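Two complexes come next, and they have one chain in common, subunit A, joined by subunit B in the first and subunit C in the second.
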Partner chain A sequence: MEQFAALLRSKDKQPVRYLVVDDSVFARKNITKMIETFGGQVAGEAGDGCTAITEYDRTRPDVVLMDITMPQMEGIEAAERIVRNHPEARVIMVSSVGYQENIVTALQKGARHFVQKPVKPEVLYEVIKYVLGEDAVAAAGAAAGEKQ
Partner chain B sequence: MSFFSEDKASELKEIFFESAQELLQTLNEEALALEKNPADAETVRSVRRTVHTLKGDSAACGYRELSELAHELEDVLTPELAQSAQNARIPEVVLAAADTFQSMLAAYRNNLQPPSGDALRQHVRKLTSAPAAPEQARLAPTFAWSEYEQVVIAHSLDKGNNIFHVALQIDRDCPMRAAAMQMIRNVVGDFGTVLAIHPEDNTPAEQIDVVEMAIASKHDEQWIAKKSHIPAVIKDVVVVRAGGAAETAPAKTVLEIADTLTQPVLTAVPAPAESKDEPAEKTASKSVVSENSLRVDADRIDDVLNLVGELIIGKSMLLQTMSEFDKRFAKDPLRGKFADAMAFQARVLTDLQKSVMKIRMVPVEQLFRRVPRVIRDVAKSAGKEVALQISGQDTDLDKSILDTLAEPLTHLVRNAVDHGLEAPQERVALGKPAAGTIRLNAFHQGNQVVIEVGDDGRGIDRAKVVAKAIERGIVTADEAGRMSEGEQFALIFNPGLSTAAQVTEVSGRGVGMDVVKTVLDRLKGSIIILSKVGEGTTFQLKVPLTLAIIKALLFRVADKLYAVPLGSVLEITRARESEIHRVDNHEVVQLRDQVLTLVRVAKLSKRKASPGKQLFIVIIAIGDRKFGLVVDRLIGEEELVIKALDDHLVATELVSGASILGDGTVVLILNVQAVVGRVGREGAKGAHA
Partner chain C sequence: MRMELIQPFINAADAVLAETLQCSTKIGDVAMEEEAYRRKGTAAIIHIHGDIEGRVIFDLDNATAAKVAAYLAGEPVGESADIIRETVFELANQIIGNAVTTLNDQGFRFKIAPPELHSDELGEKSNEEQEALVMCFDTANGSVYMNIAMRYNRRRRQERAVVAG
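== the complex of A and B ==
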């Protein structure tokens, strides 16, 4: 696996905290693994849109990785509601090519970026770095505590 | 697969076959479009989408061979391929693929082993053996603003704003262009005020490679450059500051700008970002497309229509009872209420019937869509040049009729191109344009739909057709002499004639015309040929709008109730027995200045004719011929729900169906064509006897 410079929050040099939303347990695990290689920390997980909203309120993560198609509440709606309540929320949509229309909608409703499934770690890393902008710094050297 | 129950699975497969058919149709159309313009990346993309859908659907149904083949094709069809030197071969491959998929589908449908796709596979692989597409060209923006845009920019500069020219090159590998564009809009909204942007907002996202804009921003170049490097979306960025207040003309030449630009720097700590929530709203409209149609099995609609039919019978039962009630209790106040309720019910029922019928109606376009491919194939193999004119494709027609017409129509078109049109040199020699024209047209005519297939080719030589028919003993010279023009043309529908190869060459019409005729007879339709030697031929197919419910004329013959479709009734006249004459074993009557051949329904049913003094003659049209049906008494017109008769029950072609009236009486609906045909034969028999 590639080596990524750990992304830390500019304000307190703590790991970036993530909320991972996907109805597939496998997909969540997969994303979680990648996040760990970025030196991040998974603050919460959700399997549907409703849980995503409550989890956001509870954990106040720096970044939300949101799947588009989910039971109960779709990713778009969850993203829209989160952004409405917390304009500072950074939501990144994660989806396959087939849901392009939905991604466009989500972007219009306040999502910050999108990543295409299957997610490539290097792309996700760049996207997260871009979305965090000046709120994150890349720690010198390899990600803390990360072995290959 | 035990994921679905057996029932569910087979239903799914039905849906799959149907949608696959549509996909193949689309594929054909796209291939033809590509043939015209092979470098069109957009078409290649849509071909790819189509193949992709087919791949997914067939995989879901467990049709592995088809799915794999589709997958290989999908992989090859990249937009880059459209730009490559290989692009001329794409349409051929796609058409071959459509054919291969078609035969695979047919095999699956019949639970057979699908044919091998190896030939296609090789075809497909040849495409990819092409050299790899070149690297995406480096970004070289022009910033060529229109006069108006220059004014806007200059004006903004005057106000002391910082203006930046920004060019963003979209990553060619980014598959989600629309999402990419939205992302760009969002990001650019953060920059400041967009003064000018190319391309326009309404350009399809797939076609955009570079976005150029002029922005008034309070941020600096580096910040804009950094923000513009959107990962996974943007490949390259150029940001140029359009000088301070001193500089007024922002539109420098390309090279000057390229010289002045510095590579954007990616620093870890850029200027603070502000998130604005208002941008991009104005472009938000076109993204959501609602899915508003559903796919329903035709059988289900037929069921509904059947029930509506039963309701109509029920309605006439009620009416009947009502009139009896009226007679018996003429003073009962309930009568009024009954009448109101009945009228209301009748109105709703009519609306219901119309709505259900409308569900079954589909535009003829669905039928015409198959034609371009047929023409292309035949024209290619026969060395003809063909232009296609289509009109009236919005005309609605019952789906089941439309489906049945597909084959005859294909056949007629194929014949028209193959035999009807002359070879290009021959046409030029005749003073016609080298490319022949095939015309398809459709329109409503009363309760019927007319579909025309025309060509401007050599036309049918009537004299030769007649000569051939006489030679083959299909008609005698005598009979032929008495035939009308239309009847003589109609001889080519005779199976004995149309299969003869010589006639094909002479008349320009090929094998299988009898099949066309048979199909139209089954649909209670008709076919007319209009042709002039040297000018071309037009086939007019007339079919009823729908098969299920017809307006019919009811009449009585020898105490039995019959009906004929009202559409075929021209007029009704009276005659006395004494006015009927016999000519050549046919009974005829003088109608104004015409002599009308009569058909006695009574004779057909082997019943003795009532000793009538006064007769009614119902004049019916079949194609361009007229006949008179001699009937005893007219009952009136009524809407009849046709119930098909089981072949075992009624062993006659003379009756095309039956219907039940409100009082339970059964009406036989006469097959007018067959009735007249029978009379013709019997007349001939009589002549020989």
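== the complex of A and C ==
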């Protein structure tokens, strides 16, 4: 897999922490692999919207990568609840269902961005960088996985 | 055969398979299905209800599914029934999601049921109202079969036209 300049938190230069939410084990594994190539750390995983909310409270990640179509509670509702309780939460929707209505609804409910599946690592990397803004720095000359 | 309804699924399957497996794909055999569908390996069926009605079946033999699973997970995985089923479901979800995106942006409104395991050896027969198209996508990792039967829901469109008018 392609390597990227490690994304670190500006405040303490520690790896960005992620919560990965998807009902598919494969999708979670795949995204976790990508996060590793971005120099990030998976703080938690969830397979449905309800668990995502409790995992957010427990882990307080920097970024949530959230699927939409899931059992029990869908991703958009989970994103809305997380953002209602934590306005600073950065939720990126990651779904194969990317029609305009869906994207607009997700953004209205508090999601910061949308990435369509199948996920291209370079697209996800840029979106994460954009969403984190000044709260993250790309470690110059350091590929993810190398010691900082 | 409503090709305008089916084309988005073909395009989506082509794009998702190429991206997921990081290889080129080729559409192999294409046939109108007259007899009941005969399952090839592990299959997922997805039903669609709304302005468009029908169903799509994705079917992979176990060896192909194991290779796809390894790509999806980014590492080698086993060949257990759970892994195979999860692979077929995830692939089906991604393809359907992409096709739905195209159709929804064209103004069609419908609901997609989550994938179900299609475990019967033989599926239901197609009919005049809803002909089925079976196609095979050849990839370097094996073949993926898609069986698709789709039609307009006239009553639903008439209801929407009445509401709009």
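General remarks:
The working rule: the second predicted complex is superposed on the first by the 140 of 148 C-alpha atoms of A that agree within 3 Å, B and C clash if a C-alpha of one lies under 4 Å from a C-alpha of the other, contacts with A are read in each partner's own complex, and residues count from 1 in each chain.
In this text, a contact is a pair of C-beta atoms (placed from the backbone, for glycine too) under 8 Å apart; a residue touches a chain by one contact, two chains touch by 3 or more.
Keep in mind it's a predicted model, so treat the numbers as computed, not measured.
Using the contact criterion defined above for the overlaid structures, shared-chain residue A:Val137 touches subunit B, although it does not reach subunit C. With both structures placed on the common chain, the touch criterion links A:Val25 to subunit C but leaves subunit B unconnected.
Once the two complexes are laid over each other on the shared chain, residue contacts for A:Arg58 go to neither subunit B nor subunit C. After overlaying the two complexes on the shared chain, residue contacts for A:Lys117 are found with subunit C alone; subunit B is out of touch. When the two complexes are overlaid on their common chain A, residue A:Glu126 makes contact with subunit B while staying clear of subunit C.
Touch criterion met: A:Glu101 reaches subunit B and subunit C at once. Within subunit A, the residues touched by subunit B in the first complex and by subunit C in the second are 97, 100-101, 116.
If you check the complex, the residues on subunit A that touch subunit C are 1, 24-27, 29-30, 33, 69, 71, 95-102, 116-118, 120. By the touch criterion stated above, subunit B contacts subunit A in their complex at residues 175-179, 181-183, 186, 227, 229-232, 268-273, 275, 277, 280-281, 284, 287-289. Within the complex, the subunit C residues that touch subunit A are 16, 19-20, 69, 72-75, 86-87, 89-90, 93-98, 100-101, 104-105, 114.
Those residues of subunit A that touch subunit B in the shared complex are 10, 87-88, 97, 100-101, 103-105, 107-108, 110, 112-116, 123, 126-127, 129-130, 133-134, 137-138.
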